[in-house]
Amino acid sequence: MRKIKELIIEKLILLCGLAAIFFVVLIFLFLLKEGLAVFKMVSPSDFMFGKSWYPISEPPKLGILPLIMGSLVVTFGAAVISIPIGVGCAVYIAEIAPGKIKEVLKAGIELLAAIPSVVLGFIGMVTLVPLVKNVWHLPTGLTALSGSIMLAFMAMPTIVSIAEDALYSVPKNYKEGAFALGATHWQTIWRVLLPAASSGILAAVMLGIGRVIGETMAVMMITGNAAVIPQSILVPVRTLTATVAAEMGEAVVGSEHYFALFAIGIVLFIISFIINVTADLFLHRKQ
Amino acid sequence: MVKFVVRDLNIRFKSVPALKGVSLEVKAHEILSAIGPSNSGKTTFLRTLNQLNALNPHLTMTGSVLFEGQDILKIDVELLRRKVGMVFALPLPLPLSIFENVAYGIRMQEIKDKKKLTDSVEEALKEAHIWDEVKDRLSESAFKLSGGQQQRLCIARTLAVKPDVILFDEPCSGLDPISTARVEETMLKLKEKYTIVLVTNNVKQAARVGDRTAFFLGGELIELDNTHKIFTTPSDKRTNDYIIGKFG
Amino acid sequence: MKRNPHLTQKIAFFLLLMATLLIVVPVGLIVVIIIQKGLPAINWQFLTDIPRQGMRAGGIFPAIVGTAYLVGGAIVFALPIGVLAAIYLSEYSKENVLSRIIKLAIINLSGVPSVVYGLFGLALFVVFFKFGASILSGALTLGIMILPIIITSSREALESVPDSFREVSLSLGASKWQTIRNIVLPNAIPGILTGTILGLGRAAGETAPILFTVAAFYLPQLPESIFDQAMALPYHLYVISTQVPNVDEKIRYGTALVLLLLVLFMNLVAIIIRSKLRKNKKW
């Protein structure tokens, strides 16, 4: 009797063990199910490289190049800001900060990771957006730059914590060896620790960027949402994620617009898949 | 009466041999001690007897081990482990109260009778010579006991399941001489009711408590004989070298 | 000219400190600003009243209730599956291709953009299963989203239980499941709890997954069943900050503060459990 009960439980455990695979596949299948239909109306290359996104005009123009460019510009800006600062902060926490301060800093980073993106978006709207507007004398502060700054913040916790782990897991004798040769602490960090932790840091950067590309609410609230190919970082842009979030509410189920938004979902899913798998490869190479 | 018959036992860890062609018998109501340097295979041998080796997917076993005439691979593993108890190298109380540690094995047989449970616990604690020290604090955490007490608690825990054979895996390696003496004393008393296989790094311990002693080296059983004979006139030079401390 | 290595070090360390402050100081500022400007808005009425005058007055009670329902539903769905999946990975799976694929799937699940979860929830629960935009659809979507958090932290908690406990339990004749049930799981509970609370915090703060699966723009009443739409705190904050003109700033900050406090409180509880756990390790 007990044996039968245990057999059932163990089967259930196996089933749940497979749940992660099941859900990833399920997500992808349902995106495909709803999204592929758009390619009956527009070819994949016109969809990806079409320069205009007018989903509710007659006939609709479903080119997502402006959205891709929007995402790229915002992501690029966020990467430029967050990579040096994030890696620098990771080095500071891992190597320089004394015990107590280290704990406080780590708690601060965790705090940042915990703040909901809609709250950061709101704070960005009321502080950052007017600031950008005034500094550059722009008609509006809702720009790619504001988005980049805000998203850089959201990427930091990921970059800092993973890069710090990578630095921390460099074998202690590397460091001691460098000290024994008379290197200063900074020389040791620069010439020994950073190269030794490089693949982990690379993974940290990739996952940080992954977070940026997938971020939705904050970016929708502060980038201005203009679906045009951006000519500079001081103009409003619209990202892939913001497009889906902003327009799905109005799209009629089964319409071309609806299919197109799901097709954007497919693009986002594939991007995040590639980023996560590659980052995981880097993290495993380290070991 | 013979408890275990081991025939041509070979165990590999991945592709590295850990035991090579070991054949021996364990007789009822004896203390068989296994000595040898570390990595000689004696603990691997011990963990074969209650199938604990089966937990490690990298270990493969050939040859046969019979327990009371039955192939151990064909005995229900939970039943085998109840019949063949084990006391581990370090005192390893479970993170439960003293009472619950001893009751654990009984509870796992789904015995719910409260009276029977408390009686069995008391009996086991008395048999392990720790009852007087813990009878007033049965609900305290087992971690509050001293190392020596913890180890005797672990013995009691094994006894509570009413095994036939008890495997001791270097049971005194973490204990001071006085605690060690008490554990050895307990072992000698247990011999009357149980069969004991003792793996030890302490050659003198084997000399003190073992009826027969097996010397393992590099995964092979070099020599197995009466303890007195092993320690006075071993037939293999390596046994002698190990006992007098030339290596190990 | 040879550079002085000690001077270089000083400059470098100064820059690293600046980088750190550039992250930590704004975080502190954000929290301080929200507390400072949001606190005056918070009173009993704000927390317990329905929104009035097109959300320009009144309280946020329905949004708090909606979020509680969603978070509760997500946990009810994700906790059992997540813990069992963690048990599979920690206690049953062998190091083979299957376990590698499962781990990759978990990593991917945690990396899927939140808005894609929203799309998925819309396609599967709202449209395919015809649950409509409802608490059920939203809770299930959030549940799948926090699944990787729960699996990962539960697995760590299970794996940190020493193997010797398992061996002792098995050596006493316990079966594998008895060992897991009586020894491994009870000792992993604080760690599992930590992960669960972090998952709760995440579910409470997310907006994108509930945008098309449950969220009601303005619904000044409490949901009556799991098939009802509901307001939710993060979505409400989004709505009153971007969709409704002329909302008193105080209400916006107040809503942000309630959401922030809710999420930070959960994280704080998780951190406290975790640090207690580290101190009280019994082995």
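Lettered A, B and C in written order, each chain numbered from 1.
Following the convention adopted for this analysis, a residue touches a chain if its C-beta (ideal position, glycine included) is under 8 Å from a C-beta of that chain, and two chains touch if they have at least 3 such contacts.
Predicted model, so just to flag it, every value in this text is computed and none were measured.
Student: From chain B, which chain is the farthest off, judged by mean CA positions?
Tutor: Computed centres place A farthest from chain B.
Student: Can you pull out the chain pair that has more C-beta pairs in contact than any other?
Tutor: Counting C-beta pairs in contact for each chain pair, the top pair is A-C.
Student: Using mean Cα positions, find the chain sitting nearest the overall protein centre.
Tutor: Central by C-alpha mean position: chain C.
Student: Can you give the whole-Å distance between the Cα centres of chain A and chain B?
Tutor: 55
Student: Mind checking the centre-to-centre distance between chain B and chain C? Centres are C-alpha means, answer in whole Å.
Tutor: Distance between chain centres, rounded to whole Å: 48 Å.
Student: Using mean C-alpha positions as chain centres, tell me how far chain A is from chain C in Å, no decimals.
Tutor: 17
Student: Give the residues of chain A touching no fewer than two other chains, as numbers and ranges.
Tutor: Residues 2 of chain A touch two or more partner chains.
Student: Using the touch rule from the top of the page, what residues of chain C touch 2 or more other chains?
Tutor: 175, 178
Student: Among the residues of chain B, which ones contact at least 2 other chains?
Tutor: In chain B, nothing touches at least two other chains.
Student: For chain A, which residues count as touching chain C in their complex?
Tutor: 2-3, 6, 9-10, 12-21, 23-24, 26-27, 30-31, 33-34, 84-86, 88-89, 91-93, 96-97, 105, 107-112, 114-123, 125-127, 153, 156, 160, 184-187, 189-190, 207, 210, 213-217, 221, 241, 244-245, 248-249, 253, 261-262, 265, 268-269, 272-273, 275-277, 280
Student: Please name which positions on chain C make contact with chain A in the complex.
Tutor: It comes out as residues 5-6, 8-9, 12-13, 15-20, 22-24, 26-28, 30-31, 33-34, 80-82, 84-85, 87-89, 91-93, 101-102, 104-120, 122-124, 127-128, 144, 147-148, 151, 175-178, 201, 204-208, 211-212, 234-235, 237-238, 241-242, 249, 252, 256, 259-260, 263-264, 267, 271.
Student: Inside the complex, what are the residues of chain B that reach chain C?
Tutor: It is residues 50, 52, 55, 57, 78-79, 81-82, 85-86, 88, 90, 92, 94-95, 104-105, 107-109, 141, 143, 154, 157-158, 161 of chain B that touch chain C.
Student: Please output the residues of chain C touching chain B within their complex, sorted ascending.
Tutor: 94, 164-175, 178, 182-183, 186-187, 282-283
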